[in-house]
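Some structures are shown below for you to check.
Here come two complexes built around chain A, the first alongside chain B, the second alongside chain C.
Right after this comes the complex of A and B.
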């Protein structure tokens, strides 16, 4: 699958990279859906000997192929939320020379990166690669609720119901983009929703 | 002089008003008849007597009303004041800076008595007399940053310095020009300024950061920034934008003079001694158009600045839709005469309006 080229944007917007094999004693790989392809591309037999793959399929069927890489540990979880305590436990025991690889949706990478930075790993030391859906995790600046998988702009906040426009302003601390009321100055005048990317 | 504190509101009935004294010392932000971003820094070493530059932390007639408004904002939304765990020492630095400055600059209003780490702070206008142990947060009713900034006008961003960058790691932000501390906390200088148009391309932030990283203890700096606000609303937060945004549409040719306010930020920058953090107080001054027009120089100049402002800036500052109505109002105060350089009103020497 070809990778999506995000348009150039403002400086708070994350820039995702391309995974490459790095030397390390341990390899923590967290991916969702098509993010599996990035792991399949980067995996080497020696890396897999000390790799822990945490994968959330989101309806895809990559799990079998990832398992076939024969990583030291493999987890196939039903949702990111379900996997968080496991990720936290793994990070708690992580030693120096652990390499972290994140791939898949921006929501998955952002939230997993937050766990890593909370564990003391600088965000610049974490490899990422975007694959699959370009839908975003959005935070409503008004009610503070998060809405996952937002692909259209404007969208309706799943918590407070306000119509929000999608900004590129991004907080690593919330692993989310900012949504701001679109019709505050003219209540009820909500432009028709379009895809976030043309 | 003794300050008469106004009993006024920044919400609801909006009874906020500026006295003649406050108008004369208003920090009009345009030193010439046009405006573009610049790194307009200067040393913060006092200024003309009575001006808002004179003291390190200016106290004016709005002090008590602003502090009441801040307390209301915090009751509604405690996330407006946050400090990441490593910023507590910077909070103490800030507490010391404000207490020392205010007690020295306004001895009739504030007193600080220090005996080792046993401190007594008296804030007469607010009726506060607290004794506490410096560096022991358990002896204060709030964390040190929150405690002192509940008693100081203006927002306070406390910036950690590391990796050749500044990080927005703590703040008391209740009078902001439409940015969210809760969202931006933890961001670096370029990230939290990311939404600002044009200035990145002009290299403004690279140069400003270089300047700020080198600010030394005892050598604070300052600059003015500005935007427009309808009604004297301090809390123009994104959090509450869905509530206040509609007020922008309530401007009419009849009420624009009293409702449309020029909102000016006096931004100062102080290096903090123990933490090496930088505190960035952002003091907001509001003045409505009709009061500004009482100074002929400001009337002429404001018209020219608003008329010639690039569209991106008028959009970013949120008044693009109201600009035509503003210009209809302001053009009546511009007779085409030249203006003297500098921000001061020069009321005595500037010619009166010729139309």
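Right after this comes the complex of A and C.
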């Protein structure tokens, strides 16, 4: 079961949708891990004729099934960092009749969305669907460092070592949730970590 | 007082542009500076024609940063209700007039990487100020401008001389047509398209963009909607406790104003939503002409936009 119902939260928190096929001359699909399932669900043979799938398996074995969809282009990347230059290059040459589909973790969707909006696509025109891990990409508001795959709250900043409280306050510009020091007033008084979602 | 704030101006120049279009220049009567504006903005010009006061919106075509004067271009419409005829035949240099602060319902989306302008006929005017803004900001732009023929192509020579690579002109008489599908297909990601012209052109561009998968957010349009003349009708204004007659050449909004009712408005062209009025009761048919209400709202008989829409029938009671 890779779908998760995120609890209702503040306005700043992104709300993810469900991919649906849309009219367009080109289809750019970016997914990681279980995000592949959303692509498998939405793909049609016509769409695949002009589709470019960029997939980061993160240890899963969906790549074979995605390749079997027969997209015009398929790229299997070892990490998001390794794939981002390709995403940027694709966007550089892309035309307005391109539809973008993002699926998988919030970290992947957030960062790919940032590349798309930097390229000038209105964020409301980009489709998303969350699948798989609910771990977050967090930014420490103190040292500005990013910690990936954060599943517990509070957590320790991987850059400066502060104990950070996981907020739902999201930055589109950094594609990350914000982490705030939890024991600033009373150093050492850190509540025990638990999962972000009950 | 409804509408945007007013500015007292003097007409300082009137230039015939071609057989149908005249350009008017306004300067502040107190010698001060006019506000800057953003490309695509319009001003509402007050025309005192005998007992009738018309308030018509016109796109500002001057440089948005030029505070010394505003210019507008008015196309003569012999079939219209007389606003453009008044400007053409009764206004002379030195006349004192009142115009509104600039209002923009057709502004550039500054997130765009490129602006693609599509103009039809007098729909060129908002683009003239937008082009000046783009040139100042160093934004990429391209114009495709369709007009009837060379003699009626307002500002064609200026545009093609100053921007030989950006401005493309098409003459209907020579059967030249914008190759819209190719044009839209070839646009790089981050392009926004803006269209201003006759209704048919706007519908064509919106439908083609949608078919090609353009996001709705990247398609902008402004239609020059003037209130159309129609059969006279009677309206009951419940809040003001007045029964008024709407004449054949005036809009419902103008009739309310003539009767001393301070009704809200901004664009006077069916686009901004400011004048939306609740219908309390009616027996008859609405002639909706605005772009503001949704189709189901038009069908519901619960709302009307008095700046452009009319009514035919026995009773109309409004919450105003």
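One rule holds for everything that comes next: the second predicted complex is superposed on the first by the 197 of 198 C-alpha atoms of A that agree within 3 Å, B and C clash if a C-alpha of one lies under 4 Å from a C-alpha of the other, contacts with A are read in each partner's own complex, and residues count from 1 in each chain.
Please note the rule applied: contacts are C-beta pairs under 8 Å (C-beta built on N, C-alpha and C of every residue); 3 or more make two chains touch, one makes a residue touch a chain.
These numbers were taken from a predicted model, which means no experiment stands behind them.
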First (chain B), second (chain C), both or neither touched by A:94
second
Which partner chains sit in contact with A:142 here, chain B, chain C, both or neither? Use first/second/both/neither.
first
By residue count, is chain A touched more by chain B or by chain C?
B
Based on the superposed arrangement, let me know which partner A:159 touches: chain B (first), chain C (second), both, or neither?
neither
Can you tell me which positions in chain C touch chain A when the two form their complex?
111-113, 184-191, 210-218
Within the complex, which stretch of chain A touches chain B?
10-13, 139, 141-142, 144, 162, 167-169, 171-174, 178, 180-181, 184-187
Residues of chain B touching chain A in the complex:
79, 180, 182-187, 190-195, 200, 238-246, 248-249, 321
Once bound in the complex, which stretches of chain A touch chain C?
22-25, 91, 94-99, 117, 119-122, 124-125
